[in-house]
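Both of the next two complexes hold chain A, though its partner changes from chain B to chain C.
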Partner chain A sequence: MEMDESFKPISLEARNSMKSSHPGKMIKVKTITKETIVIQLTMIILAISTLYGFFTFDYKDIVFIESVVSALQSVKIMLFEPHLQHFTFGEAIFQVMVTLGLAFLTTLFGAVIALFLGLLAARNLSTRFVSNLIKGCVAFIRAVPTVLWVLIFSVAAGLGSVAAVIGMTFHSVGYLIKAFSEAFEELDKGVIEALRASGANWWQIVFQAVLPSCVTYLISWTFLRFEINFAVAVGMGAAAGAGGIGYDMFMASGFYFDLREVGLITYFILAFAIVLEILAGRIKRKLKSR
Partner chain B sequence: MQGDLFAKKRRDSLVFFALLIAITCVSIVITKYDVEKGFTSIPKAISWAFSNFYPNEKSLEKLPDILLKLKETVLISVAAASVASLFALLFAIFGSETTGINGFMRKITRGIATLFRNIDVSAWAMILLFSFGQSALTGYFALFFGSFGFLTRAFTEAIDEISSSSVEALQATGASYFAIIFQSVIPTCLPQIISWVLFMIETNIRSATLVGILTGTGIGFAFNLYYKNLNYHTASLVVIVVVVAIMIIENLSNYIRRVIL
Partner chain C sequence: MLLELRQVSKQYGMNTKALSDIDFSVKEGEFVSIIGPSGAGKSTLLRCINRMIEASNGEIIFDGANVLGSNKKELKMIRRKIGMIFQHYNLVNRLSVIENVLHGRLGYKSTIAGVLGLYQEEEKEQAVKLLQILGLEDQIYKRADQLSGGQKQRVGIARALIQSPKMLLCDEPIASLDPNASKIIMDHLRSISTKMGITILINLHQVEVALKYSDRIIGVNQGRVVYNGSPDDLTEEQIHNIYGSEVGELILDLGGKHAG
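And then the complex of A and B:
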């Protein structure tokens, strides 16, 4: 039944293209499968909701052209006339270091916790129940946006670096458990079986077989997360008062309305982010070549 | 020989851990991170959450309002990701090793993508706040720029990975540049492209919360408003609504991915 229906359009289309002015020149090959239907449906739905969105957005009497022109002007000022008003160059560097420190602590805590929970979440190293339980928790943790974790923790710990680091750690743990457990699951089944048969216990299997063979994956995922955490830490500095360069940017844009200072801070963030990206690429290549 | 190798390995890992501990100490000092408070705050937060952070009957009255804000946020995320994907596809085609026109164009497009990718969405929001104020467009453009940078990189990698041999084959048969792009490159990469766009929509909804808090729009603003008014019951309802929305979208896109990839 289903086959019949899905074949009809092809034959019709083929006949039409045969009838068109250049028979033989055009060969239409189209197969209508579930795959193409889903792809097309997804694209249509995305297009419709995009258009619908543009018509229903709350524009708040903003004249589009005028705002775009003013945005371009402010970008020009930011790019070409950056300066510092409310702090010195050395302080700016220090603030970037604070942001890097937040990202580092988050990544470290996240990686350590995720290493253990990742082992328990891997199907081949743990029981089905424990694995599913941890994976379910991870799905929930990842669904709550980082900033909400930070704000929820800041009620108990007060606004500041403690709430920011712990809140961001939640998300890092969720992300890294997923990455780590998938790396562990890719391990050859035979290795674990052979070790188990020779009487090795769980810890021996983990430390002698699993970790050594996955260590390159683990390091490159962790560094990738560090890169992400730097960007997140900028945002958290702004939204949750965790300090660092993000907070300075928030003050410059939301309180002093100083475009030139925002420009300079953007340069700082950009420079460090690009350095991190290059480093991550290098580490990845070095580990791969080993 | 063997002994040397093990000694070197041990020395290397010792240096690595010493470095790690040193950086940790420096980080703790400069961020003013209170280690003790870090440990004690977790149980405190959990007990607080159980006693205060759940929706009650009064907060349910606000549900229609919250859902309206959520709808706006989701639409902004979808619109930003889909429009950005069109631009990103163009840039990816020009920036890819296999389909790029020449080395100069490749460098330029990659440079632009790097620039957009490395400025975080929250930074974009604060930059755009000057011109667009507290309107939906601030969030839209912030998410658009962030998505554009990320998607360009993802699409470039997808095109490089998939299509080098088919492009070569078509070039050998004398197909024109546009024929190669539209008949081979885009169709073969389409499942990958859609998968990345779906991923971007999920990420955008999460970032939209942060952007909303910074710029005063959408669901992030709703959360911030109730949170700052100490109306934790309603704030928790916002969190639940966001989580449910993200989980629905995640499951939907996982289903689509399973079918198309």
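And then the complex of A and C:
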């Protein structure tokens, strides 16, 4: 009994003191820092502006549900009811070949030019000044999109295939010089030193050591650019009148409003893109196993 | 004298001296080892001789030719008379063994022939013969990256020998090899010196190896020659002087000193 008496006041006191130091507060797990505040504020502002946007759009007479349904219907027509109206199957194949030709030509030109300029741009094979000069120019060329280059050259050559070839080559050169020169720079500098010490000159070192060591990289980069150029060539057909399947697509959609034909052309491009992809994969695998 | 260095210095920047007033000469057919701590300037010294690194001052005479004053064409003539062997072999990994060996002939070829890799029949025969001498006759058409370290180094030696050099510069040729392969490489280098009469100037880390194989030892410390003499006269004290260490601090076994 005595013990109880003496115990109670103490425990009560303790409880009271705890209450006073944490008045009704729970322990926090997350700490509030500047970052969390900024992140949460950003999220809230984005959410509010999104909602505000939806309410204040100019919807004209479009009803949301209806328009979604009709859009899906268009996609359905495009993908499930493809047909040819304004040209034959053979002509379509021919047009894809034209597009492929545009991609092939620009990649080939680009690769040949980039091979030599890439050697001069590689730090280990060139002087610092020449390397920096080329790398600077190349950075500028790459910063401007391919389409813009085509349009720039169309000032002199007129819209059409000539402007497309020059413009696409230009951008391919810029892209491949960077890729190639970086491949060359990967080369062990001891190998170059060894050949230099035996009296070999620059050209001999390039062809006997640098190119044999880097050839797989060069080919796989060139193929990657070929794939990119195929996609660009489709776009150029429409945007710059360079001909090929891209131009047919432009006519089918923007001139005839024929969704079914657009669908068929899409399938054509897809098929060729897949074939290219498989081919590239095979060549790369073969090169790696060599 | 085949090679003579007079007051050769190499300075990086304003006050970093890699080499200062190096003076020594090498006779024809001599096997000379350069020993010294890492960063003493051994590699720089070797590379100044064939001007892979430009010396700042001094005079280098190789086979009667002034190396530092030579123009591009003369330098090429000098370089092809000097074979070079490296710690990391420096082979073109994607090419075959024989192609790598034939690279040693590039200094003798016109640009076009070298670019296209057109080698004469005698050159190919010599390449095969050298590979046989070095025990690589079964690896002739293997790719260089399929070889072991010791085999790669032997390809490196063959590539240097096909230059018909008067001298070999060897930069730590056994530093990345196991003791077995190291012995094979050193034995080959020794017999190249003895049988073919080719001068060998070699950088080494292993003092015992230097003592065992060389006719003469040059000790380098902080860019200066601190010892130049026969291995028999090299005392333990002088080794410590070369390496800048106290007696008893180094792992040394001088027991095999006179074994070679």
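Throughout what follows, the second predicted complex is superposed on the first by the 222 of 290 C-alpha atoms of A that agree within 3 Å, B and C clash if a C-alpha of one lies under 4 Å from a C-alpha of the other, contacts with A are read in each partner's own complex, and residues count from 1 in each chain.
Quick note on the criterion: a residue touches a chain if its C-beta (ideal position, glycine included) is under 8 Å from a C-beta of that chain, and two chains touch if they have at least 3 such contacts.
Note that the structure is predicted; figures quoted are calculated from it, not measured.
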- request: Considering only the touch criterion stated at the top, classify A:A209 as touching first (chain B), second (chain C), both, or neither.
  value: second
- request: Identify the partner contact of A:M97: answer first if only chain B is touched, second if only chain C is, both if each is, neither if none is.
  value: first
Task: Could you say whether A:Y256 touches chain B, chain C, both of them, or neither, answering first, second, both or neither?
output: neither
- prompt: So, A:L108: does it touch chain B (first), chain C (second), both, or neither?
  reply: first
Task: Answer with first, second, both or neither: which of chain B and chain C does A:F116 touch in the superposed model?
output: neither
Query: Which partner does A:F89 reach: the first (chain B), the second (chain C), both, or neither?
result: neither
- request: Count the residues of chain A touched by chain B and by chain C, then name the partner with the higher count.
  value: B
- request: Considering only the touch criterion stated at the top, classify A:R196 as touching first (chain B), second (chain C), both, or neither.
  value: second
Task: Scan A:D188 for contacts with chain B and chain C and give back first, second, both or neither.
output: second
Statement: chain A residues contacting chain B in one complex and chain C in the other none
Task: Over in the complex, which chain A residues touch chain C? Could you list them?
output: 188, 190-191, 193-201, 203-204, 206-209, 212-213, 215
- request: In the complex, go through chain B and note every residue touching chain A.
  value: 20, 23-24, 26-28, 30-34, 37-38, 41-42, 44-45, 48-49, 53, 72, 75-76, 78-79, 81-83, 114-115, 118-123, 126-137, 140-141, 190-191, 194, 197-198, 205-207, 209-210, 213-214, 217, 220, 223, 227, 232, 239, 242-243, 246-247, 250, 256, 259-260
Task: Would you pull the chain C residues touching chain A in the complex into a rising list?
output: 50, 52, 76-77, 79-80, 82-84, 86, 88, 90-95, 103-104, 106-109, 111, 114-117, 156, 159-160, 163, 169
- request: Would you mind writing out the residues of chain A in touch with chain B in their complex?
  value: 34-35, 38-39, 42-43, 46-47, 49-50, 52-54, 56-60, 62, 64, 67-68, 70-71, 74-75, 78, 94, 97-98, 100-102, 104-105, 108, 139-140, 143-148, 151-153, 155-157, 160-163, 165-166, 231-232, 234-235, 238-239, 242-244, 246, 249-250, 253-254, 257, 259, 262, 266, 269-270, 273-274, 277
